[in-house]
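Dropping the structures in below, format is structure tokens.
Two complexes, one shared chain (chain A), two partners (chain B, chain C).
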Partner chain A sequence: MSIQKNKKGAEKILSVYWFAILLIVAGAIVYLVSSFYGKPYDVREMEARLLTDKIANCLSAGGNIKENWQGLNADNFLEECRLVFTVEDSYGWDDDQYYAEIKISDFDSGQSLNEVNAGNPNLKLDCAVDDKNFPLCLERSMYSIDKAGKQYKISIFAAVRKTEKNVQ
Partner chain B sequence: MFNNLELKDKKAQIEMPKCINSSKRGQIGETMTWIIATIIIIVMLTITIIISDLSFGKNRKIQTDQNSDILASKSFFSYVLTKNAEDKNVYSQLQTEENLNDFNGNLAIKIFNSSYGEEYNDLWVGFPELQNNYFGEWTGLLEGERSFDAVQEFIKLDENKMLQLSMIR
Partner chain C sequence: MMLLKKMRNKKGTILTENIIFIVLNLAFIVILMLFLFSKTGSAPVLEEKYAKQIALLIDAAEPVMTIDIEMEDAIKIAQRENMNLNEVITINGNIVTAKLRPDGKGYSYSFFNDVGAKANFDTENRNKYYVVLSPK
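After this line comes the complex of A and B, so read on.
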């Protein structure tokens, strides 16, 4: 009789133990999943690269520089290149999360012929800091010619902030 | 009769402690097994959490396509359209010549080294598998071959001739 009672008690303790183990394992799985999916992906490098690619496509096509490149200015640049710097209405963003700058210069002398920028210029100042909490900046350049055969160097600078969504 | 019953009771009294002793030993053994099993489970979970935290928790950057470079590709295309003093573009020059000449060789160095020299460890322009005086030994890949860190651009000059731009990170 006393052995039977002991067995019943042991079974009860075991079931409590099993629940405890189950909770530990479940908790660990929840932690693992949240640690993996809870942190956001940093896509700013990709965004900056896409922005430079898009500007490059706008400024040079078929090996030649855009015909009316002299007429590009801060007012018409976004429209000419079909760019939209509007961002989602969150984190108090006020369409100030992007910055783009182009510089068209003579390939041989390096003399600047046209400089255009659009977006939030303050982002460029923060580029000196190499930290994930600061804007991601990308500067690239390309070579192009016009129909008369004149050679140009086109420098494209792009900065993307959006730290709230990409960094945690 | 009474004596017999008394004797049986006495025997039972003597045998009981033995049974309880072996049951206690069994219980201790079983408890130890559970404790060790619990420790193993916790250790395994901790290791898994640490590994996943270290390997996935830090670098959550999405890499862009490493096999294409739009700016370099556009520069390469503009390069072959560039004309020399005789109004002959690089494309026509390379169609008729065996290798890069002074004009197109130096122009290639100036364009690609200045714009992409910092970004890529190895730059090469020329005819595939053919050494030239400006970029040296051929370091590119054949057409159709792919490498994760390499950008390859080809421009067909004629049936048997190709101009290659190879950039390796």
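After this line comes the complex of A and C, so read on.
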């Protein structure tokens, strides 16, 4: 008789523990899901990649460098490459969330022939910091030739900030 | 006879306890699932997802292209919230805005590709949007 009573008591204690475990599991799931879906999607790397791709397509087509590349400068670069760096009016952004820089140099000697940049140059200074709260920077380079067969190295640097909308 | 009655009562109690235990467990699982579905498919999450997705698609595209976007989940929410389905996705200049609730602000994200873009609701399928790009 006494054994049966103890068994019943033990079962009750077990079910209390069981619910305690369930509550802990539920709490952990709620916390993890909330923290995962509470954070914004970080698309800056994709954006920087697309920006460098677009600039590369603008400067070189089929391996041949753009004909009027010597005439590229800070004033006409965005227009020539069909880019627009204006952004939505939020978080006090002032069209300063992008930066792009190109450097065209002689492939053999390494001598710089043309350097152009557009956007917010301060973003480049923050690139040294490897932290998600700083701008995302990407540097890529490619090889191209002109009609005469002269070889060029084109380096493209892109930085995207937009931290408030991509990182929390 | 008396002993038999006692035993019957005892068995009944055990069964009831088990049923309550199972029902509570099931209720726990159902509440958890509801929470997960409400979080993953909520309007703010979908607004952000579609605004960013469309902005990136426009960045990767060229003028005269048309981009089809399947948005069944977002359109269901917009219908439930009595939102005008033609205004779920709007593109103003180079800023994409996704809005699933009439009283909400929506979510905006910019693209850097200097093209003309217009978002249209697919009135035939009623679960898609298509974005038409044109040179500026």
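One rule holds for everything that comes next: the second predicted complex is superposed on the first by the 135 of 168 C-alpha atoms of A that agree within 3 Å, B and C clash if a C-alpha of one lies under 4 Å from a C-alpha of the other, contacts with A are read in each partner's own complex, and residues count from 1 in each chain.
One rule holds for everything that comes next: a contact is a pair of C-beta atoms (placed from the backbone, for glycine too) under 8 Å apart; a residue touches a chain by one contact, two chains touch by 3 or more.
None of these values were measured; they are calculated from a predicted model.
In the superposition on chain A, A:Ser34 makes contact with chain C only, while chain B stays out of contact range. Judged by the touch definition given at the top, the superposed model places A:Tyr99 against neither chain B nor chain C. After overlaying the two complexes on the shared chain, residue contacts for A:Ser141 are found with chain B alone; chain C is out of touch. By the touch criterion stated above, A:Leu83 is placed in contact with chain C alone, chain B being left untouched. In the superposed model, A:Trp69 lies in contact with neither chain B nor chain C.
When the two structures are aligned on the shared chain, A:Ala26 is found in touch with chain C, with no touch to chain B.
Counting residues of chain A touched by each partner, chain B versus chain C, the larger count belongs to B. Of the two partner chains, chain B and chain C are each touched by A:Met46.
In the superposition on chain A, A:Phe157 makes contact with neither chain B nor chain C.
Once the two complexes are overlaid on chain A, the chain A residues touched by chain B in the first and by chain C in the second are 40-41, 43, 46, 50, 53.
Every residue of chain B that touches chain A in the complex is listed here, in rising order: 23, 27, 34, 38, 41-42, 45, 48-49, 52-53, 56-57, 60-64, 70-72, 74-75, 77-83, 111, 114-115, 119.
Put simply, chain A touches chain B in their complex at residues 3, 6, 10, 14, 17, 21, 24-25, 28, 31-32, 35-36, 39-43, 45-46, 49-50, 52-53, 56-57, 60, 62-64, 140-145, 149, 151, 153, 156. Partner chain C is touched in their complex by these residues of chain A: 15, 19, 22, 26, 29-30, 33-34, 37, 40-41, 43, 46-47, 50-51, 53-54, 78-79, 82-88, 90, 97-98, 165. In the complex of the two chains, the chain C residues touching chain A come out as 21, 24-25, 28, 32, 35-36, 39-40, 42, 45, 48-49, 52, 56, 59-60, 93-95, 108-110, 112-115, 136.
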